[in-house]
Each structure stands twice: as structure tokens, then as C-alpha cells.
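Alright, structures below, take your time with them.
In what comes next, subunit A is part of two complexes: it sits with subunit B in the first one and with subunit C in the second one.
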Partner chain A sequence: MRERLRAMVPSVVPIVLSLVGCFLAVVVLRGWSVAFDAFGAMFAGAFGDWPKFVDQGNAGLVLRPLGEAGNKAAILTLTGLSVAVAFRVGLFNIGAQGQLTVGALAAAVVGAKVDLPAVVHLPLCLLAAAVAGAGWAALPAVLKTTRGVHEVISTIMMNWIAVSLVENWLVVGPLKASASGVNSISGTDQIAASAELPRLFEGGSRLNAGLVLAVLAALVVWAFFGRLTRGFGWRVVGLNPEAARAAGVEVGQVVVQAMLVAGALAGVAGAVLVLGTEQKYPTTLGAPYGFDGIAMALLGQGDALGVLVTSLVFGALRAGGTRLQLFGVHKSFPELIQGFALLLVAARLVWERLARRLLPDREPKHG
Partner chain B sequence: MGELLRSLVSSVLDAAPPLIFAALGATLSERSGVVNVGVEGMMRAGAFVAAVAALAMPTPLAVVVGMAAGALVASVHAVLTIRLRCDQVVSGMAINLVMLALGTFLLEALFSSPSSTPPITQLPGWAGHPVTTWLAFALPVLVHLALTRTAWGLRVRAAGEKPQAVAVMGVRVGWLRAGAVLASGALAGLGGAVLSTATLDRFEHHMPTGLGFMAVAAMVFGRWTPLGATAAAVFFAFGDALRISLGSSAPGLMPQGVLLALPYLLTLVVLAVSGQRSAAPAALGVAWDPEVR
Partner chain C sequence: MIELAHLTKQFGGVTALDDVSLRIDAGERLALVGENGAGKSSLMNVLYGLYQPDSGTISFDGVPTRLRTPAAALARGVGMVHQHFTLVPTLSVAENVVLGHEPRRGLGLDLSRARTEVAATCASLGFELDPRALVSSLTVGSQQKVEIVKALHRGVKTLVLDEPTAVLTPQEATELFAVTRTLSERGLTVILISHKLKEVLTFATRIAVMRRGRKVTEVSPQGTTPEALAEAMIGRAAPVGSHAPATPGPVVLSLHQVCSQGLVDVSLELRAGEILGIAGVDGNGQRELTEVVTGLRPFTSGVLTVAGQRVDRLDPARARALGVAHVPEDRLRRALVADLTVEENVSLGRHTQPPFAKGPRIDFAGRRARTLELVNANDVRPPTPTLRGGALSGGNQQKLVVARELDAKPKLLVVNQPTRGLDIAAVEAVRERLRAQRLEGCGVLLVSLDLDEVLALADRLVVFARGRAVATFERATFDERLIGQHMLGVAHA
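For the complex of A and B:
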């Protein structure tokens, strides 16, 4: 228990410090009362307006915000897992953004252009997105194992190639929605109803099955690294590739496989965004979800369940962020909180030292 | 044809400087052994602070303040990576994410605008282009000379190749690298400041729109040398100018998105052909820990 608490300090302390720091920033710029109201509104938008719910008994006050939070958390979890899986084998997948972009496009295309019953259509869309994401990650992986090209540089390039090709060419060119479309003609064609991720609840909440997918993915990744021999082999590659090689692990193969899995996870994140909330590939994806994955992976300390928890927290805060606009604070404010937390969590050494001081070993080690 | 060429050269002279400054900055930092993918965030800091400072002071002075802002952000990177030995890529990406959100937050909080700061007086020009354009031609040579012909430059390069050797000479690797990172931030800040005070006359919410990442690409393309990075930056800017003029004179010849992707694609091809290990500094990304040699 003590061990576990100590392990959480390097994540929890930075998040709390960042929240406090960002709160003080609003105080400085807008004064105490506005800051309190703004944070109150953000938390109500994030976790539900519980006091008002108890007062009025309107379940929507709690269910609607929680649904939005869950939808955002699903995407963050999947991109976070993408980065975390790569991390575990010692790779830095900065390319989640590009993999998510091509995944989202693949889902949008298969969702709109193919006509199938929902039982096959939805899985096919998810599969297409996973394959697209994995394909986008394959090149950096191969370049790494065959040419020694560092994956950070190659995935940065792949990100911009993806965004340029998809958002500046395909979505405004060959795949642009036909003018006879239902609602607007920006972005690609609307996906068919059979490709939509089903909503989990009727009425109040817009929560969709993406969250179920994300939780399942987190559990699978957790079980793989924690319970399976093969997962142990992958971890050894990350901790000490030389030792892994000596033990007979094909390091190159593991690198490629891990990168493919990472790409597939980011691709599915794109699919969840398109099939769950956007219903098409919009002109632009809006938030840099792929880069957010880096934050989630690090705040969750590369652990699948840690990623899930931090994604739930920040998914909620970001859902609540939309309510800040009323207080003269930009809706991307939660991203600032997240960014500062990431910056702080990067200073691991400091927090580990702090954790040891806060929660020292009970029995002295030597007599 | 002559007309087209002249307009192309003119737009390269306007578009290349921010990229050149940022690419030089990235090169300095990485030659000392510190990965700098935070260039984008440092440019954003420079662009924003210069545009805000120019509301209260002469624009040339505001550009210097913008450089200081870039260096300030870089100092965070230096403390995290050198003193606390964080992962250098993590620190850089964290800086990018913070600056992205902080810029938007401050824009809204200080100017109640989601899109841009109020207009300012632009940087004075000389011979039809902002002074920074001419600086962008002089600076690469200076940085090249500093890196190859001075004792400091030799030490910086050694810190990136074999820090043990520098330490044995009695020079402190950490301070050497910190200096390079700060200079890198100042240069990135200058690149950003050019965007908001010379290219435009205000800070816009999307600045620098990935130019920082393109600067990293230029550095890799230029094989981690100041002159190579500059040439790559000019080449990328030329490609971009060509894209824009083709887009207006011969639309449909080549989709814009494909042309936009070309610099990154070319960088990948160059990396794939040459392999990276041959050009990158040997100790790049490895934190210096005097107790572990």
C-alpha cells in the first residue's frame, strides 16, 4: 500500500500543483471571485453539478457533463495508451497525432462510402482506422530498425505529412462532402447510421461506446504487460535492449510490433472521434489529441491503468473547459493545466525524492 | 518568367528568416547534445511577447524582448534536461503544449480576443525587406564561425559528441550545454518575433503554425550544421513560395496539401537514404551525469 502511494506521488503532486498554479493565474488576471466562479463552473461541467442535482433532482445536470467527459476521456485514453505502449519498449511515439489523423480519415471514409449492416459496419470502420494508424506507424518503425533513424524525428515528419495530405488535400479535395449533403458541406461526407458508435444511455447523456472500447483497451494493455511472458519480454526491450538481445528476444521485431500496436491504438482514437462525436472528418480535428497522448502517457507513468485514470480526470476537465468562456477564460484552459502538469511531471527526480521523504520506509534498512 | 522569379525571390526573402533563425537555434542546442523539439513553443513565446511588447516600446526593442522570452522558455528546458536530467524530448514536447495553451489563454485574458493582438508598427525595412531578413543572411555565417573557429564552439561540439572529454579538460559540461540551449531559445524567439513584427503586424493565435517543427526538419536535412540548416530552410521557404505562386497562377496542377507535405517527405527520404547515426551528434539526447561516466 505504502509502495503504491509512493508511486503515485510523482503524478498526483504535479497535477495538484498545476491546478493551483493555473487557478492563481486566473486570480491574478480576473480577481478572486471570478476565479472561484470559473473553476466552479469548470468542475461542474467536468464532474456534474452535484449540488444543483441534489437540489432539483434533475439527473441531466450530472449525466450530461459526465457523458461529455467520458467521450473526451475515451480519445485521450487511446492516444495515451498509444504513446505508453511505445514507451514501454523504449520508443517515443510523437506520431500519435498523425496516426490519429489517418485513422480518423479511414473511419470517416469507410463509414460513409460503405453500405453494410451495423454489426459488420462499425467493426469494419474501427479495423480500417486501426490498420491506417498502424500503417502510418510502420514506416518510422522500419526506418528505425533498418536505417537507425530516430523515431522522434521520423514521427514528427509523419505527423505533418498526415495533416498536410489529409486536411489540406483529401478533405478539401477528392473526399470533400458532396454538395447535396444533409447538413453542412465542410469536411467529408456524413457517416452512415450503421457506422456510428452507439450511445450508452437514452436521453440526458451523449456518452458513446468509445469509452467501453477505451477501458477494454486499457485492460488488455495492462494485462499484456503485467501478466504475459511476451509482455515481459517487451518490457525488457524497453529497460535494457542489450539484455533482451542476449536473452534471445528479437529486439528489432519487438520494436516494429510495438510501433504497429501504438499506431493502431492512435488510429482507433481517431475512429472514436469520428464515429462517436464528429460523424465525419471535419475541416480540422480541433484539439491536438495525439500530442495530448504524450501528456496522458507520462502523467500515467506509462502504466495502462494510470493512463486511464489521468485521461478520465483530464477528459472531464476539458469537457468542463467549454464553460469557462463565460468568464473570459479560453476554453483551452484545461490544456494549460495539463501542459503544466506534464512539465512538472517531467521533473521525476524531484518528486521521487519528495515521495521518499513524505513516505519513508517504516523499518530502517540496516539494523 | 523573370517577373515570376523576382516575386519568388522576394517572397523567399520574407518567408525564410523565421525558419533560418529557428533552425540555427535548434542546431546550436543539438550540437551541444540537448535535443530541442521545443523550438515551436519557444518561437510562440517570442512571437507573442514581441507583439505585446511592441505595444509599449519601439518595435526593434520589442524584438529583443521577444528573444529574451524565447531564452526564458529555453531556460526551463535547460533546468529540466540538464539539472534534473529529464528526458529531453519529453521536456521539449511539454514546453510546446504549455506554450500552445498559454498563448491562447493570455490572448483571451489580456486582449479579450480569441484570434490576435492589436496591430503594431512593423519592423523598419532596408532595401524593401525588414532588417531581420538581412540579419538572417549574416547570422548563419557567424554561428558557423563560432562553432568551427572558436574555443567555445569546439567545446560545445565536444559536449555533444563526447562530454567526458570536455569534463576532463575541466570545463563544466552542464553550463556549456545550458549556454547553447539559452542561445537556441533566443534564436527561436527571434524567429517567432519576426513572424509577429515583420511578416505580420500582430500575434495571431495559430503562430508559428508548425514552423518550429519545420525548423527541426531543416536542421536534420542540413545534417546538424548551421550552413546546412540555413540552406535547407531557404530551400523549404522557396518550395513554399513556389507552392503559393503555383496555387494562384496554375491551380489544380498539384494539390496544395501534397506540396505542403513535400519538405517533410524529403527530410524523411534524406534520413532513410543516409541513416541518421552518421550525422547526429554522438551524445545527443544523453543527459550528462558527472557521477556516471
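For the complex of A and C:
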């Protein structure tokens, strides 16, 4: 237990410090009252306006913000897991953004062009997105194992190819929505109702099943690395590939498989965005969820449950961020908080030392 | 004269140094002996300013001094050559030597002056080192000389050598001691950390023995024997291995004209129940041999038969399945993962089989039980399954690796440098396991750079030179001098 708590310090301290630091920045610029109001509104938008709910008894005051938070958290979790899975086997998947982009497009196309009952249609869309994402990650993986091309370089290049291909050509060209639609004609066709991720609650909240999917994915990844022998082999590859090889683990295969899983997870994140929130591939995806995934993986220390928790926190802050505008604070403030936290996480050694001081070792060092 | 008085140092709950007092006279050759973890290195790290003692004082010529950093120690004339070198391989000898106190010209490095100065230092020591040579191009023995030059170039008066011969060939070790003896006769104080008693007895003028953080005795080399020293180090009489005659069984490994990168037409045969020793100077194909046999390196031609099966291609998983176990020379590179726990490391390689797995799942209870069994039976200390592998001392890491590999009940055991860097008790424990394995009918392929080790353990011995198996000796005809000549390629067979 002590070990677990200590392991959390390097994630928790940077997030808290960053929150406090950003709060103080607003205090300096705008004064105490604006800072309190703005952060109050952000937290109300993030975790629900509990005081007002207690006063008025209107459940929507809590459910609506939490729903928005959950929807954002679902996507962050999936891209975070994508980066984290690769990270655990010693790979840097900077390509989650590209994998998410092609995954989102695949989901949008299958969602709009295919006519099937919901029980088949929705899973098919998710599968298409997973395959597309995995396919996008396959090339870097194969290049890495056969030619030694570093995955950081190749996945970054694949990001640009994905964005150019999808947003600069397909979505404005061959896959552009037909003008007959009632809705706006930007982006691709609306997906069929049978492809939509169902909402979890009637009325108040827009929370959709994407969060369930993300939580399940986190649990599966967690169990895989912690409970299964195959996951153990993957971890050894990440910690010491040479020892893994000597122990009979096929390092090249593991690298390819891990990249495919990472790509699939990012692809599914794209599907959740399209099938849950956007209902089509819009002109542009807007937020760089793939890159946010890198932040989630690092803040969560590559641990599946860590990624889930960090994503829930930052998903909520993102959702609450829009309310900051009411107080003249830019809505991208949560991203600033995330960025600072990430910067502070880099000072890992400092937090580990702090953790040792706060929770001293009971076990003597041997050597 | 340096005086260490009542030094105590604790790490967590473990006492590394317990009220240690030691006098170091100018110009003497003091040897510090003791097992791993006895406190030799801790004591020297205190003297070198790397650790701060919890209590006690260090005095230089009677003046109590606090050494907060190695720089402070250097200023007092104390230099240290670590077991693992601290050189930059991509820089030249001269650049490495002046690193940290470079002669300058304007804002730049005055490289030509550095070269002349370093060349002068080398000449005064009688070292044949080219100041322009890249460190990465030097042999291990020469790199060590660079370390010594580095220390002396800074005007060090007391030189600490931490296990200097652990990485050297016998010839290089002899040379090192000859040079150091000369330096000592010119007034340099030398402190030698070692657990090779032979070299300590021939080199030192005084020997201090440490055990469990305490200095237990001081002796002069004339007044003691290797047996008495060993007893003082481990607190009881050292066990001496016996060598029962071999009863060879079927062939478990045969190579016929096998070639690979680093191996040329190697043919040899190993039977169950015998130990085949491979002797040679470092880098003559021994490592390549162990890698080919364990499936880590592909062979390009020839016939390889492992456990009665001819194999055209071998990978590590296949080798394990055939009954090959491997104790590689570099524990932390290939055998252990520092960031995994002891029990995870025990399961490594067999993590998909019982008792470490139940179907696709990790069998946590089975793994814990087998780990406890192994660490207790093999005296791995501390016997804590959840400890990080990297937190174990080198000797205990090696005991763990040997225990794990033997637990797989191998038909063929490939060991490379099994006792490098271990203390007497651990060395004997590991060797005893190898002998026991042989009696149980396992074939053991033993590679060691320590010729004494090969001579002590092997039933047969093959000498490797330039990737070839150049000579074979039976135990009855072991001839150290002749073997040495074959190793150096000067024998006329």
C-alpha cells in the first residue's frame, strides 16, 4: 500500500502544483475574486455544481457537467492507453493523433454508408476504426523491426500524412457530405442512428457509452500487463529487450503487436469521438486528442489505471474550461494546467525523493 | 598520513560501516580485503568524499577534515580508480585525462598542450599510451592505465584501486602490479581493494580485513596464509572444492566446423556429466560460442547438435525447450532485469510454464512459493521476493540467476564468467553448484577468463584463440604454461 501511495506522488504533486500555479497566475493578472469565480465555475463545469444542486434539487446541474467530462475523459483515456501500451514495451507512439484521425474517418464512413441493425452496426464501426488505427501504426512498427527506423520519426510523419489525406482531401473531396442533408454540409455524411454510441442517461446528461468502453479498455490493459504471462513478457521487452530475447521472448513480434494494439486503441478513440459526439467526421477534429494522449500516458506513468484517473481529471477540467470564458479567462486554460503538470512531471527525480521523504522506507536497502 | 577514526555509516537500517578506524601511512601498499558487502567500498567512498559518514573523523596529517565531494578528496591528494571505468569512449586519451581541469587557450581547449602534458605523464610512468588514441579503441587493460594516468595527472598522492584486476587478463594484471609497485617505491600511497588473496599477498605491505562493516584484523603478508585470510574474511574456514572423476554420458552438445561472426570452424563435443572449460584471452570467440549454443547468435555454417537433436536454426526459446540453460557473463544485460522484482526475475524465461503460470495467467502464489524455495535453498540475501532485482548485491544476483537456471533441470548448462566480481563465499557456492550439476548428469560448458577457475573445474579444456578452438587438454594433462602459450598464440603445437 505504501509502495502504491509512493508511486502516485510523482503524478499527483505535479497536477496539484500546476493547478495552484495557474490559479495564482490568474490571481496576479485578474485579482482574487475573478480567480475564485473563474476556478469555481471551472470546477462546477467539471465536476458538477453540487451546492446549487443541494439548494435546488435539479439533478441536471450535476449530471450535465459530469456527462461532458465523461465524454472528454473517454477519448483521453483511449489515446492515453494507446501511448501507454507502446510505452510499456519501450516505444514512443507519437502517432496516436494520426491513428485517431484515420480511426475517426473509418467510423464515420462505415457509420454513414452501411445500413445495418444497431447490434451489428455499432460494433462494426468500432472494429473498422480499430483496424484503421492499427493499420496506420503497422507501417512504423514494421519499419522499426525490419529496418530499424525509429518509431518517433515514422509515427510523426504518419500523423502528417493522416491529417493531409483525411482533412485536406477526403473530407473536403470524395467523402464530402451530399448537399441534400438537412444539417450543415461541412464534413462527411451524418452517421446512421444505428451507429451512434448510445447515451447512458435520459435527458440531462449527454454521457455516452464511450466512457464504458474506455473504462473497459483500461481494465483490460491493466489486467493484461499485471495478470497475464504474455503481458509480463511485454513488460520485460520494455525494461530490457536483451534480457527478454535471452528469455525466449520474440522481441520483434512484441514490438509489432504492441504498436498494432496502440494504433487500434487510438483508432477507437477516433470512433468514440465520431460516434458519440460529432455524428460525422467534421471539417477538422479540433482538439489534438492524440497528442493529449502522450500527456495522459506520462502523467499516468504508463499505468492503465493511472491513465484512466488522469484522463478523468483532465477530461473534467477541459469540460469545465469553457465556463472560464464567462470571466474573461481563456477556455484553453485547462490545457495550460495540463502543460504545466507535464513539465513538472519531467522533474521525476525530485518527486521520487519527496515521496521517499513523505513515506519513508521501512525496508532497509541491501547491497 | 591519513587517519580514519571511528567511522560509522548506515544506509536505511543497514550498517555499512561500524566504528571503523584505519591508519594509512604515506608510501605504503595497503590491501583492503573482505567479502562483498563487508564495507570495503563504503569505506573508500567515504575517503573519496562520495559518502558522508554518520559519525567519525578523517584526518590528513593530523588535521581533521570533512570531505564533502570527490573534488575535496582530490584536493587532498586522494584519487580513485573505480572498478567500472569513468572514461568517455569517444574522446581521446589526452582529452579524458584532462577532462575537468583542461588547459585553456582563450576560451578553447589547448589540445596540443594537453597532449604534451599527458604524454609526459605517461612517459614518467612508463606507460605506452598514445595520447591521441580514442579510448574506445583501447583494450580494457589500457583503459585502466588511462584511469591511473588521470588520477596521477592531478597530483594524487594516495591512489585507491577498486578491484583493479577483475577485468584484466593474467598478463595485464601482472603488468599492473609491476607498475603500481614502482609508483609505490617512488612514494605513492596505494590502497588496493580486492578479494583475490594471491595478489593481495604478493603485492601489499599491510593487509586490513573487513567483515560485516567492521575491521576485524590487520596483518602483514609475511605473517599470514591465504587460508588464514579467507577465514578472517568469512568468519570460518573456507570450503575447498573437491573434484570427483567424471562419468561422461551421452553427448549433449556437439559442434562440427561451426562458423559464425567471430567463430571459425569450431568443432567440439561435450558429454553429460562433464565440465568442458573454454580458456582464452577476452574477445577470442568465447562469447560468440556461448551465444551460438544458446540461440542468441545465428551460425552461418557447420553442424550444431544440442541434446541429441541436430538444429539448423536455433533461437533462445528453442534452446530452452531443448534443455539449455544459460548464465551469461553480464547479469544485468541478459539475465536479470533490475526493475523487476526478485520473484519476477525468477520466473523470467519460464514465465509461461507452471509453477509460474496457470494457463495464460500469472500464478502469483506458485511464483511466490517457488521463489521462496529457491532463495532459501541458495542463500540469496535478503530472501525477499518483492525486492527489486537491482537492489540485490552482485553476488546475490548471480546466486539468483544460477539458482533459476538450474531450477529448469537443464541437460546443457552454458555459463560464462560465472564468478566474476563475487566474493570467496559466493564463488565457492557457485562453483559447488556447477560441480553438483555435473554429478547429476548435466553437461556444463564453462567459459571463464580466469584460468584458475577453468583449471579448478573443468574435466577437459579447449583453448580459444582468434575464434578458433586451437588446443584441447584433458584434466590429467593440464599444463598452465602450455595453455597460456596457446591462449597468446605463441605455442608451437
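Everything that follows uses one rule, which is that the second predicted complex is superposed on the first by the 361 of 367 C-alpha atoms of A that agree within 3 Å, B and C clash if a C-alpha of one lies under 4 Å from a C-alpha of the other, contacts with A are read in each partner's own complex, and residues count from 1 in each chain.
Quick note on the criterion: a contact is a pair of C-beta atoms (placed from the backbone, for glycine too) under 8 Å apart; a residue touches a chain by one contact, two chains touch by 3 or more.
These numbers come from a predicted model, not from an experiment.
In the superposed pair of complexes, A:Asp49 makes contact with neither subunit B nor subunit C.
Of the two partner chains placed around the shared chain by superposition, subunit C is the only one that A:Arg227 touches, whereas subunit B remains out of contact.
Shared-chain residue A:Val236: touches subunit C; no touch with subunit B.
For subunit A, the partner touching the most residues, choosing from subunit B and subunit C, is B.
When the two complexes are overlaid on their common chain A, residue A:Asp189 makes contact with neither subunit B nor subunit C.
Of the two partner chains placed around the shared chain by superposition, subunit B is the only one that A:Leu343 touches, whereas subunit C remains out of contact. Of the two partner chains, subunit B is the only one that A:Glu335 touches; subunit C does not reach it.
Contact with neither subunit B nor subunit C is seen for A:Glu278 once the two complexes are overlaid on the shared chain.
Of the two partner chains, subunit C is the only one touched by A:Gly248; subunit B is not. Interface of subunit C with subunit A (complex): residues 11-14, 37, 294, 296, 315-317, 319-320, 326, 328, 333-340, 344, 347-349, 351-352, 356-357, 360-362, 381-382, 384, 387, 391-393, 396.
Per the touch definition, subunit A reaches subunit B in the complex via residues 25-26, 29-30, 92, 94, 139, 143, 147-150, 152-154, 156-161, 164-170, 172-173, 288, 291-292, 294-295, 298, 328-330, 332-333, 335-336, 338-340, 342-343, 346-350.
Across the interface of their complex, subunit A is touched by residues 35, 37, 76, 80, 84-87, 89-91, 93-102, 104-105, 107-110, 112, 114, 210, 213-214, 216-217, 220, 255-258, 260-261, 264-265, 267-268, 271-272, 275-277, 280 of subunit B.
Those residues of subunit A that touch subunit C in the shared complex are 227-230, 232-233, 235-236, 239-240, 242-243, 245-250, 361, 363-367.
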